[in-house]
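Labels run A, B and C following the written order; every chain starts at residue 1.
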Amino acid sequence: MAQTPGNPMIPDGVEGTGGQAAGGTRAGSGTDTGGSSRAAVEADGLHFAYVRGEAVLAGLSMRADAGRLTCVLGPNGSGKTTLLRLLVGLARPGEGEVRLAGRPLGSYRRADLARRVAYVPQETLAAAPFTVAETVLMGRSPHIGALGFESEGDWEAAEAALRQTGTARFADRGLEDLSGGERQRVLLARALAQEPDVILLDEPTAFLDIKHQHAIYSLLRRLARVEGKAVVAVSHDVSLASAYGDRLVLLSKGRVAAAGTPDEVVRPAVLAGVYETPVEVRIDEATGRPYVLPRPPE
Amino acid sequence: MCRTRSTLLLRAACAAALALAAGCDDSAAPGASSAGAAAPGPGSASAAPAAGEGAAAPPMRILSLAPNLTEILFAMGLGDHIVGRTTYCLHPPEAAALPAVGDTLHLDLEAIIRAEPTLAFTVTRLPETVRRLEGLGIRVVPVENDRLGELREAIATIGRETGRPEAAAALLKTIEADLAAVRGRVAGLARPRTLFAFPMTVGSPRIMIAGRGSFVDELLDVAGAENAYPDAADWPTVSPQQVVAMQPEVVVINAAVPGPAGRDEAIRRGWESLSSVPAVRDGRVYVLPEAYLTIPGPRVGQAARVLAETIHPDLAGEAAP
Amino acid sequence: MTPRPLTRRRYVFTILVWMAVWLIVSAAAVVVGGRLWAWPSAAQVWDVLWLRLEWVATASAVGAALALAGLAMQALLRNPLADPYILGVSGGAGLAFILASLFVGAAAAPALAFVGALATVGLVYGIARRRGRLEPYTLLLAGVILNAFYAAAIMLVTAVVRPQERGDIALWMMGNIGAFGPQWELIGVVAAAAVGAGILFAFLAKGFNLVAMGEDTAGALGVPVHRLRLAAFVAASLVTGASVALAGPIGFVGLICPHILRMVLGPDHRRLVPASFFFGATFLVLADLATCLSEGAAIPAMPVGVLTALAGGPFFIYLLRTRWRKRLEIR
């Protein structure tokens, strides 16, 4: 993508206005307790099982603050997607509680919750041939009335979201005509059109090439730092999460194995224990953040 | 000693032969055991009925495979010879006591074999049925019976086949007299446009009526009416719009199959909406329950009379000549 | 198609346009179908006018009901081949109707048909429910099972009744507009059910759109997915049951009309719901007019269900083969 001014997808080296410099703040351990800002989303002792007897989450507690990009990491089957669905309210925990701005999720009305929390699931094909603009407009549905009439304000919010994700030029195209990366950005635009306080994304860069991976994460970080949203992204790429995330939460077998800044979490002993494979950790001199080099198993 | 034993044997043999002969006689006696259970008689089933044998006709075991044929046979005094009927043969009441062998579409061959008929009258020309029955050694006589003319021929044929031509002639004479009487009563009266219809069927807006040239149409003619339906057809169906176009002055609805309570009311209500039809305007929509109105049989005279008295109400008060 | 925001003004305007189209077509159907200019006396014109009005009203109510039900079923089951009868409602209503008209009487048959539809709804729900929820897959399976059962039951009844009743049953199964004798109360019931369903689906339309994007997506955007499914299922089944009670199982309307509209209007259910209502009504009015006009020739008037089936098949093949295929895809 061309590095033209005003293009929001320029990968960042240094942040623009406001925001903190890249890098974590302070150390922590176990459950994540850092941050002076009030938590936007909080999980407290969550237990969840799809099938009785097989717990997917076993006593998980974490928090995601406003103004921060929190990345949830962990091996397959550690419960990342389930955690996200619980945070959004698509499923109810067997035990424990999810809180949004201090209040339990259950105390919010469904439409109210949808106005505050946006969820971008892993990319699936839609069952109907909606255009990009129609898809993004759907993000406005918590704000529009029962019959579904849209106002000029809704249209403007949708257009802003399209611009922010650089997908405005696809507005009239069908969703299936786009590439995986473009589609993912459209889904993100839909989430932005919701004008939420919290954005939850499930592996937003799963099918993307490296250029688009960095573009997405850069945008996510800006959304957190500049617009003050609480952004939670599930990721399978530890280095990418480390490069952009303000907080990392590492899950293992339904529990938090480590949480804190990238420096605190991306450590060989910690990672090797969770991923059950030897890793080497180096520091990226350009950003000061750690990155991971997996080593072949012994 | 030897002589006594052989005499005894000889006497026993004679006695047995006599007993056997007496037994044969019993089973051949007409009417003795044929009413009620079909008694299996030995041997006599293969006797071929001969035409024109006169009063001492060989024993006949008749299978009647249509309701109107059953009526004709009873009317000719042959009721005792019937050994099997269809499930729909319910008139006269005595017929109900006879064993049922199915209907023209589904014959109960086992029941037929048990009845051991020698002669079968059917109205069907289905070669399948005819072949099956003939395969059992039964003489099959198909008679057509859809028009008045065919009715006359059917009676004559039955008379011939059963060796009772005089009974047939007598029945024919009665029928002709009945019809002539009705014709006489309506002669000179105005002939209203009449529709003969069946009750509405659920699920279809069309009703079935008698077309020109059908048996019922002939009865209407005898009863002094003109069929409001203009075309030649047996049982056409018409839409309400066509009824409005035909503007019948009298409508006769034959609700023969017993229906639930209030059905006649429902039928009348259905017709009421066609207010431009003269029959509806003048209150001349009649519901008749008699089942024999559509069956060409011995009761045609009665049918014609009922129709005439319905279509010409002034006649009902007069005594029939 | 350039998407434009769906404002209240545009919505109302669209409904008015559709309504005008339907009224004009219906008026033409009444006049032309009855040849109102050709009768010799005013009394006859009056009679035929009311006959035509009744039949056009029936066609409108049934057409609207079936098109709406078909749309809802296609959304509910995420299946482009879904039609109103796919979950067995027509079988249940049909069996009840046939048994009632044989043993109880013609007057009670429609009411009992509706009861049959209700019973089927309960049955399907009971069979398909998993953990208190309705999933499209289990719904489809339950519907297939029930349809097979009802088809067998109807065949059994057909085999054991008298020959003339057999013909009546067969005729009813084809689907007919109109009866000999007024049915205004029943037409009113079906019309009310269709309007009710239309209003309900108009409120559910937003949810239908979102569910098409994904169940989790819809849930996260505030759609009560399982309640939506239940409401759509029950409403579509009831309006189908009422429609079958009035006119028998007329086929293809519920399948074709939503697809035609999708071709033109796109997949947005907010537009499709009011369009289905009026287009379904118009469609069936036209089909009924066609059967009415075809009656002059040697062919006796065919039941409208036969016409829709004859026309529907080839039309659908055409749809599949042309470039419209893409717009129809529902995955």
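What we mean here is this: a residue touches a chain if its C-beta (ideal position, glycine included) is under 8 Å from a C-beta of that chain, and two chains touch if they have at least 3 such contacts.
This one's a predicted model, so the numbers in the text were calculated from it and none came from an experiment.
*Asks:* Using the mean of all protein Cα atoms as the middle point, what chain has its own Cα mean nearest that point?
*Replies:* Minimum centroid-to-centroid distance belongs to C.
*Asks:* Which chain's C-alpha centroid is most distant from that of subunit A?
*Replies:* B
*Asks:* What whole-number Å value describes the gap between the mean CA coordinates of subunit A and subunit C?
*Replies:* So the centre of subunit A lies 45 Å away from the centre of subunit C.
*Asks:* Provide the C-alpha centroid distance between subunit B and subunit C, rounded to the nearest whole angstrom.
*Replies:* About 46 Å, centre to centre.
*Asks:* Round to the nearest whole Å and give the separation of the Cα centres of subunit A and subunit B.
*Replies:* 88
*Asks:* Mind pulling the subunit A residues that touch 2 or more other chains?
*Replies:* Expected reply: no residues.
*Asks:* Quick one: which bits of subunit A touch subunit C in the complex? Just the residue numbers, please.
*Replies:* The contact residues of subunit A facing subunit C are 85, 88-90, 110-111, 113-115, 117-119, 121, 124-131, 133-135, 137-139, 141-142, 144, 146-152, 154-155, 171-172, 194.
*Asks:* In their complex, what parts of subunit B are in touch with subunit C?
*Replies:* Against subunit C, subunit B makes touches at 105, 200-207, 237, 239-241, 244-245, 247, 259-263, 266, 269-271, 273-277.
*Asks:* Can you tell me which positions in subunit C touch subunit B when the two form their complex?
*Replies:* Interface residues on subunit C, with respect to subunit B: 34, 39, 41, 43-44, 46-48, 50-51, 55, 97, 101, 104-107, 109, 163, 168, 171-172, 176-182, 248, 295, 300-301, 303.
*Asks:* For the complex, give me every residue of subunit C touching subunit A.
*Replies:* 1-3, 5-8, 11, 78, 202-203, 205-206, 209-210, 212-214, 216-217, 219-224, 266-268, 270, 326-327, 329-331
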